[in-house]
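Below is the structure I would like to discuss, written out as structure tokens.
Letters are used for the chains, namely A, B, C and D, taken in the order the chains are written, and counting of residues starts over at 1 for each.
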Amino acid sequence: MIIVVKSTAPRQEVEKLKDMLQKRGMEINYSEGVDHIVMGLIGDTRSIDVDSLASIEIVEKVLRVQEPYKKANRSFHPEDSRFDIGGGLIGGGAFAVMAGPCSVESEEQVLEVAKRVKKSGATFLRGGAFKPRTSPYSFQGMGLDGLELLLLAKAETGLPIVSEIMSTEYLDEFVEKVDIIQVGARNMQNFAMLTELGKCNKPILLKRGMCATIEEWLMSAEYIMKEGNEEVILCERGIRTFETFTRNTLDLSAIPAIKKKSHLPIVVDPSHSTGMWWMVESMAKAAVAAGADGLMIEVHNAPEAALCDGAQSLKPDKFDQLMDTLEKYTQLEGKVLR
Amino acid sequence: MIIVVKSTAPRQEVEKLKDMLQKRGMEINYSEGVDHIVMGLIGDTRSIDVDSLASIEIVEKVLRVQEPYKKANRSFHPEDSRFDIGGGLIGGGAFAVMAGPCSVESEEQVLEVAKRVKKSGATFLRGGAFKPRTSPYSFQGMGLDGLELLLLAKAETGLPIVSEIMSTEYLDEFVEKVDIIQVGARNMQNFAMLTELGKCNKPILLKRGMCATIEEWLMSAEYIMKEGNEEVILCERGIRTFETFTRNTLDLSAIPAIKKKSHLPIVVDPSHSTGMWWMVESMAKAAVAAGADGLMIEVHNAPEAALCDGAQSLKPDKFDQLMDTLEKYTQLEGKVLR
Amino acid sequence: MIIVVKSTAPRQEVEKLKDMLQKRGMEINYSEGVDHIVMGLIGDTRSIDVDSLASIEIVEKVLRVQEPYKKANRSFHPEDSRFDIGGGLIGGGAFAVMAGPCSVESEEQVLEVAKRVKKSGATFLRGGAFKPRTSPYSFQGMGLDGLELLLLAKAETGLPIVSEIMSTEYLDEFVEKVDIIQVGARNMQNFAMLTELGKCNKPILLKRGMCATIEEWLMSAEYIMKEGNEEVILCERGIRTFETFTRNTLDLSAIPAIKKKSHLPIVVDPSHSTGMWWMVESMAKAAVAAGADGLMIEVHNAPEAALCDGAQSLKPDKFDQLMDTLEKYTQLEGKVLR
Amino acid sequence: MIIVVKSTAPRQEVEKLKDMLQKRGMEINYSEGVDHIVMGLIGDTRSIDVDSLASIEIVEKVLRVQEPYKKANRSFHPEDSRFDIGGGLIGGGAFAVMAGPCSVESEEQVLEVAKRVKKSGATFLRGGAFKPRTSPYSFQGMGLDGLELLLLAKAETGLPIVSEIMSTEYLDEFVEKVDIIQVGARNMQNFAMLTELGKCNKPILLKRGMCATIEEWLMSAEYIMKEGNEEVILCERGIRTFETFTRNTLDLSAIPAIKKKSHLPIVVDPSHSTGMWWMVESMAKAAVAAGADGLMIEVHNAPEAALCDGAQSLKPDKFDQLMDTLEKYTQLEGKVLR
């Protein structure tokens, strides 16, 4: 951490600051220029609050040099993480495709979609049992019954299940029944829940918050990993910007950014980010080319009758063609799709 | 709700759409133009999913006319809501000032700050016991012990308490001990928690999410109100934009917007939004002038030693001066400050 | 400027960097820590390109400490700037109100509006002769004829004129005819035009770009001032964010920010920023309370028939009431309104 | 265009509105529901101002159905546009690569870079002679001398030239000397300049403004095309968001959006958008996979000594490898790279 102090600051204030820092166990590299005094702190600065330092009147700027995340940091874990989840592989060259309906609606629906996506080569079945809806008057998902239907579909197809958790109330059921617990964008900074998820031993798929920076996202992964659960998969699903044509703006540059900073796998959700089924193919291909480790794609047998988010769902035939196309791109990237 | 269909759409697809809508209980006002067919839906469209409609191939646009919130809507509740909370009034002409430290750190600190802000005219004591921190390595708050210290301060000063809840785990303790339960920006769309809070009978202070639209914010209030708890106070605390000079961008135009659309009181937090103590005064005055029903302001007796967010805290003397200044502005607005 | 280099960098690369910087006339304060080498540059770093430095492989971070603007910087000009423009004062305690139609449409319209706003106490007449319109098919303004009509209104009322320039083609006419040349948000970084405007001796009203940071805005003022024209008035008119309820998000925290960093006067345009006439009053009051030096307000005698931007225009009666209200707020701020 | 009126509106106000619309040549499809009256306008609504309509007190919402652009609209020009520019092809299956230094700095530099990128397969030489810089104290480009150096490089390599224009002052020189005139992001809504460019017969490369919506971008293309110049190439170069890790956020979903709405070719600039050379490869591949018609890439023989934007420039060797990689991706897309 680097602290810049105005050179006009009273000597005694500068000494007070140095004392305070040394008491917190920091060693100080002190250098004085014409306009500014620069103090470089040596030691573990992760617990030092940048804002509190910045509030000191003589302090002009505080610059954090060290990254604030440790377990998620590639520096301390240079090779890519790779997880084997119920037979489905992700990371380190294995490309995962998580496909299925936005929300589980009926046995017939989930079984049909599951069989179709399995046949097309999906490696995980996604499906929402608990749905985060902006309106309390919208369909909220089938709840625990939805999880049971996903288990039926798993029994039928062998596909491991990904499903979103919305509170820790049903954490035991999730740990027992699903293969990957998904944390939605709106809960990315539900720190109490992240801490609980860090204590269970199930892989977590952590969606990026709608207005979360890449660093904040990694810090949320760190919340989980700090508690001992190191199987975290990141999922880019679009950020909120001024553009209204697309529902959100898919930030594919997050992929090389995450790859540089972290060893965790990253998947992309082209369905939610764009909000339009006809954009899914081009964004899915682009995600592969940008270096993603997987995709999460909505597939519905009757999008126009879907109880939520129909606009972004592919029909099974379209998904089947997409998988054929994607295979060519994953091959170029040296990754194994199915 | 208005549905625009291309006039080139096959007749039979148009009929299918009309049938489907009628089966859902909608009456249709149908009019055909040269380029477009326009269908106006009559009935309660709150449960109809705009996205699913938009996914139908012949549909070009869907426009929601009716606002999706009901209990929070001024149309159904024309007069301002006013709450009497442990002797502190808010709304309908009563101006509330919630002041105190970002986080409760010690008995000495919270008692001193409480006495000082009480003397200056604050009407509520704010203080964080559970702190949402971006980093798991930062100070996470004193937890339940913090609530006890707030109760001591309340006993001493008579000020009702506002404190943030981070999960429903300690909901009973919050209901028992605090006067207003605060929901932080990061949990604004933690729908499971909102639903639980809707079932308790404590006023809720609902902070706007960092990237939440005004409509989404009102929908989150609706989640609480739908369950029966109608004492919701909205709190504007800045939205995330491209600007990096301020921590967030305080959106004061949210005040007249909320006043037009809803009857709920709205307070403003100039401390968190700007992140700099020297901006608090001008933004606090501006909030009053824009029509806010109250302010939430951080006051710390030693900001430079604060365990979090020192940069944005006022010292008690500065807060005292601010209160004198604010009184002139609340008078102009015809509101009672203290 | 502070350069952070990884301590693992090859010695000879570090020496090369030091040499290069010294050749550019910089003195270096060099300090070496465990993880990082920190170099503090002493000298005028304004011409050093941060990006080029950052591209050097061994460089980890570059932090600019010195502000990149000089003439607009309050450090070099501690007292507020105050301009006397054709009898209208602005800055240093004088509060300016620039009122009038979005665009000049006819002699009758501009004369009527001018007389009405003069009577209500406006100190400048605003009116667009050249209009920046998103669509080439929309009304583009009356052009030079519009300037003539503004001159008629000035002759009648004595109000100095503010009007927007859209290219340097008619710069001579603007210099001759208007009292303040307005640069619109879309041209805030039209650097070629800013440079030309810096060479004329007319006050410039520089609107903030829709996605311009406060620093970029001041740098655009610097473009003008560098050429010799130091009469620059800044105008906050809303920034583009994800919120769609308002047309733009008025950033009133820009006022204290500008006041801290610069000596230039700042006015606020509540009409364009919100896009809705019924928000103008609350945002105008808030702007005064936040410390603005003036307001720019759209007034139209028949908003519903306006050729552009009717939705945000006040009728003259409403403007008259607003001026009475504003006077109480400017008094509190110790400023003179009329 | 659809106008929604509250059904509580006074009859005579509704009649007035209908009259006014009919006088402007609109035919009205009128339908009355319980809560709302819906009027569908038939006719050319491009000149009707949505804001003015919205300002009418009885009007609740105005929805534009027809797209406001005509010449840029795919509906009126279903097949992809393809331009042959000095031997370089772009659009309709021809993939263009515009490579070269951010700014022209010397004969030696531009010749070396030009020869290298030509050898690697670039189809256009890009190079800035006039540079839009945030700071007036930064290097502003070599100006007309820079254009001469580009011509030397063209003579040597045969590569057609792309260079940015910053004002119409040197329009004649640009028309004479360059092959594609580039409009930078900051001038995307410099409407006076767009109109002038529409009158010359040189292809225009129109960069997307940092906070321009896709519709506004197409409207700026329309400004050029309306005047007769229909050779417009769109260039996505990142939009401004809250994320600070990357300089801007590259919006690759703009590619399928533009492809759906317009027939114009779209290229992507991965260098400026990310601001970091090590992100260029992954974003370039992703752009191809998303359906782009070309790329604009910065190449510098000594990025660390560049006078601007070194951080984002590739060295020639790296560019050479990139071209080999890209060829595999353009083949998959059925496009011809070189």
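The criterion applied here is as follows: a residue touches a chain if its C-beta (ideal position, glycine included) is under 8 Å from a C-beta of that chain, and two chains touch if they have at least 3 such contacts.
Each chain and its UniProt protein: A, B, C, D = 3-deoxy-7-phosphoheptulonate synthase.
Given the structure is predicted, the values throughout are model-derived calculations rather than measurements.
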Chain hops separating chain D from chain A, counting only touching neighbours: 1
Higher-contact pair (C-beta pairs counted), A-B versus B-D: A-B
Centre-to-centre distance between chain C and chain B (centres being mean Cα positions), rounded to whole Å: 31
Distance from chain D to chain B - Cα centre to Cα centre, in angstrom: 39
Centroid spacing, where centroids are CA-atom means, of chain A and chain B in whole angstrom: 26
Two or more partner chains touched - positions in chain C: 211, 240-242, 244
Chain D contact footprint on chain C (complex, rising order): 46-47, 49, 51-56, 68, 130, 132-139, 166-169, 186-187, 189-193, 195, 210-211, 216, 219, 222-223, 226, 240, 275, 277, 303-313
Sites on chain B touched by chain C in the complex: 211, 213-215, 239, 241-246, 249-253, 255-257, 260, 273-274, 278-279, 282-283, 285-291, 328-329, 332
Contact set on chain A toward chain C in their complex: 2, 4, 29-36, 38, 40, 42, 60-61, 63, 65-66, 211, 240-242, 244
